[in-house]
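Here's the structure, in structure tokens; my notes come after.
Residue numbering begins at 1 within each chain, and the chains themselves are lettered A, B and C in the order written.
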Amino acid sequence: MTDATLSAAPAAAPKPRASLLIADERTRKRNAAESRFRAYGLSAIGIALIALVVLLSSVLTDGIGAFRQTYLTLPVALDSARLDKNGNRDPEDIKKATTLTYGKLLDQAVQNTVAQQGIAIAGLTEKDVSDLVSKEASAQLRNRVIANPELIGQTVDARVLVNGRVDGYYKGRVSMDSAARDSNTSPAQLQLADALKDKGLLATQWNWSFLTNPDASDQRPEAAGVGVAILGSLYMMLVVLVLAVPIGVAASIYLEEFAPKNRLTDIIEVNISNLAAVPSIVFGILGLAAFINFAGLPQSAPIVGGLVLTLMTLPTIIIATRAALKAVPPSIRDAALGVGASKMQSVFHHVLPLAMPGILTGTIIGLAQALGETAPLLLIGMVAFVKNFPAAPPEGLFDPASALPVQVYNWTQRADPAFFERASGAIIVLLVFLLCMNILAIFLRRKFERRW
Amino acid sequence: MPVSWTLLIVLAMAAAGFAIGRSRVLAAAGGDSRRLHSRTSYYGWNIALFTAVPALFLIAIWLFAQPQANRWVLGAAALVLAAMGLFWTLGRTTPQFRARIAVEGFVRGLLIMCSMIAILTTAGIVFSMLFETGHFFRQYPWQEFFFGTTWSPRFGGGSQLGILPLLWGTLYISFIALAVSIPIGLFAAIYMSEYASPRLRGIAKPLIEVLAGIPTIVYGLFALVTVGPALRDYFAQPLGLGSSGSSVMTAGLVMGIMLIPFVSSLSDDIINAVPQSLRDGALGLGSTKSETVRNVVLPAALPGIVGAILLAASRAIGETMIVVLGAGAAARMDLNPFEAMTTITVKIVSQLTGDTDFAAPETLVAFALGLTLFVITLGLNVVALYVVRKYREQYE
Amino acid sequence: MNDMRLLERAVDQTDIKISARNVQVYYGDKHAIKDVDVDIQDKTVTAFIGPSGCGKSTFLRCLNRMNDTIDISRVEGKIMLDGEDIYDKRVDPVQLRARVGMVFQKPNPFPKSIYDNVAYGPRIHGLARNRAELDEIVEKSLRGAALWNEVKDRLAEPGTGLSGGQQQRLCIARAVATQPEVLLMDEPCSALDPIATSQVEDLIDQLRAEFSVVIVTHSMQQAARVSQKTAFFHLGNLVEFGDTDDIFTRPQDPRTESYISGRIG
């Protein structure tokens, strides 16, 4: 206290006492700085939101086209002489007729239709007419006939895909000008399509088959779909659900409720927090080296993808589960122990059920993260071209399949710009799945949220 | 005998063991369950667990190590193991047996094993990469890998596999991404925690977090289809800086957008951890809000924010899909941000997809790249987690 | 005519620094302060006492508009500082707080050096023209807060490294350095041990020479030791206000008496 008694209180420099009602020069400047600072903050939020809007709208506008497809409806004469030479409708015999044969039938049908409708267009070649129909159409017609052999000999109304360029013409991707420079189409072909559209034979319709078709080859973007990819992604989610959730919850229970404070526990904890931040591609390398090269599991199989994604998702699930367990107040544990329950009983009978909503939410977030993951799947061969649907699980887990995000990547690597539309369409499917999962998570959190 | 049959038989044996154990111990106690040490179901569980779990483990490990194993041999071994477990535990089932303790010990062991998977994963990552990297360095000198300035793999020999151009591309793109995301993310976090009304926060915060939930492949496609061509047509070509849609700028910008929610939510947490009393102190002295933020809140939060930035940097360095689709494939050391360059992750993907020959250095180099990436990101993560933890302790 | 009367009143009340009339404070739906009238004299220590939750801190925070930082709070009525309504729309709370400083319940030094802690206010308000002047203000303020001798050799060390009592005196020095006219103290000793408390109490007594001090305290002994005027709050009402001696020896209101004799806690 000596210094206080020695010194006088601060001899306040005579400060001009201005009225509070008038802001002085300095205050005005400081308030201007304040407004600028606020403006920076607000514009940062604005930029982030604009980025979100641009990102989503660019994907949506590009991808919505994949859900609409142009079809030509025309009568096709299924000539029994060419499709079933023996005439006994034996399925084995019918299968001998190749897509080439069906292609010729379709070709004939288109030429006939054009002639019947009396469409005359300058510069229209025969090739323009026959190429109007997608190369995939003959295969689809063949499958239809094999399924219904009694169609042979009749003239059926077939709804067939038109080629990707003509489809692109109705989606604004192809114009008369670009068609003139394009060896795969011609302005005359587009005029023909317009003429058929006027007659009501050609129409752009809702396209369910985008969701159910498998991938298609480079020349047939109009037939490509995400069926195999959706199935592959579902299989992998199944593996993740079956493996990551029990293991993750068990590990969290041990670490949160039982683990002694020792070296080993510390190592596990550090490991988990680091694994959560390891780049995803490193898990791909692990999957390639451990599951494919070392263990000899097949490439492109959902089981391998599922295992890799399980390892990736585990830290997320563990971190979320531990947070949920931590949120259960100790008084609950004490209450259970107090009536003579064992530690294990108190955890499994009381703590775990109370933490369940939090665990579920964390699990769904982890699954959503796994569903969108691409990089590690590239390394374990999921990029391969897969046209056949995998079998039902569990055997199907070992069949080659694709996955939604990998299918997107795959399509971006193709030359035909029509595949970009497909890629954006696949992203829409992916985002819809993610949206549903997140809505479910939010719903669960709202419904079961508990305040202690 | 298919595996699914073996599984079914093992599970059936476990179920039977459960039922037999329960009834036998109850009979031995004369039907009075109060004379037992544990509740009857624990005797059942004890038998079921010891019957099923070891056999299931055997099947899983065997199949993993030797997928083509003879299913009959495998099935027989698993059934013998299950039977041994069944009879051993049946023999121990007496009213005096402390079944609850046995079951709880068993479950505890299972829990410990599950939590060990984290260690196994890390070990798996490190060993798989170390092993193959060792192969690589036996075929290709490490000096040329770490200090080589040319990247030109040629299947057929004579490849030059210097990591420096890849590292340069990685760091350049990460730098741009951080230059975009740190100011935006930080300012957004400051505005949301210090200024925004609850209503605005309630709308803007979840929307920004939507950006974090979007898969990176979507950002990649956005870079490839929208941002790349736009930058090329409106900036690079008019300025005469290049004619490539894929560029460092494209990938950096898009990655920056991806990192905004990452930076902002981490910073938000950290800024909120600064005690309100410090803000009150500054406001009580007549600071404006922005002076409070700049002079008191940010300096107090600085260590935590540095940690968050390090984590974001680690994310940027390890990001794959955006650079695969947005940055290009040309290994180049250039300063022009509108030029296509490539990164470590892009080359890992390109060397390990398609036809791969695991004896050739051109394939094995991917493991060395992966190990380098792992070490860099691990270093950043460890430092960042340490800094953030220290920071939190300071205010707890 | 009118002007003359106003002038008369002004002359009459020169020693009234702050006068509050019909002050109501709401937190959302909660009516936290009910119709409070009080006059704070210049160069005097005024103590606000009352059971916890009675609104004394809330009212204190109204005096320099610290309540503005809480979104849901609403203040009605008039609070005049030197005859100017501080809740007038034209008043900038930043300028107001430079004249009405505040010391908080928990010592809250900034995570900066001791010197920078004290120099913070003068810097943002531009009170020093150069470094020498700033040094002078810092030294005077630290002396004024009876801390100079303890810290003069370690001004560059972080303020968070001081003991609790030293930290609180540092916070007082920090408030004093801004050269306010009124110093509000919200239970400044509640986090301190008895020795540090007595140091801070001595300091408050000295600060009276320069400022008008308003202190919120839950300790009646403290109010009796340091204040000249005491206001007793109960459930948001100002029950009794008067000279400290009168309040403690001859309380008028039965509630005040119950509180002082320990029946309301």
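Criterion: contacts are C-beta pairs under 8 Å (C-beta built on N, C-alpha and C of every residue); 3 or more make two chains touch, one makes a residue touch a chain.
Remember, it's a predicted structure, so these values are computed and weren't measured experimentally.
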| item | value |
| --- | --- |
| Centroid-based (C-alpha) most distant chain relative to chain A | C |
| Core chain by centroid distance, with centroids computed from Cα atoms only | B |
| CA centroid of chain A to CA centroid of chain C, Å | 61 |
| Computed distance of Cα centres, chain C from chain B, in Å | 53 |
| Chain A and chain B: spacing of chain centres that average the CA atoms, whole Å | 19 |
| Of all residues in chain A, the ones touching two or more other chains | 30-31 |
| Junction residues of chain B, two or more chains touched | 288, 291 |
| Residue list for chain C, restricted to those that touch at least two other chains | 94-96, 124-125 |
| Interface residues, chain B side, partner chain C - complex | 197-198, 275, 277-288, 291, 295-296, 299-300 |
| Residues of chain B that touch chain A when the two form their complex | 4, 64-68, 100, 104, 107-108, 110-112, 114-119, 121-122, 124-125, 128-129, 131-132, 183-188, 190-192, 194-196, 204, 207-208, 210-211, 213-222, 224-226, 257, 260-261, 264, 288-291, 293-294, 311, 314-315, 317-321, 324-325, 345, 348-349, 352-353, 358, 366-367, 370, 373-374, 377-378, 381-382, 385 |
| Residue ranges of chain A in contact with chain B within the complex | 30-31, 33-34, 37-38, 40-45, 47-49, 51-52, 54-55, 58-59, 62, 246-248, 250-251, 253-255, 258-259, 267-268, 271-275, 277-286, 288-290, 293-297, 311, 314-315, 318, 342-344, 368, 371-375, 378-379, 381, 383, 394, 405, 408-409, 412, 420, 423-424, 427, 430-431, 434, 438 |
| Residues of chain A that touch chain C when the two form their complex | 1-4, 6-7, 9-13, 15, 17, 19-24, 26-27, 30-31 |
| Interface residues, chain C side, partner chain B - complex | 64, 66, 69, 71, 94-98, 101-104, 106, 108-112, 120-121, 124-125, 171, 174-175, 178, 184 |
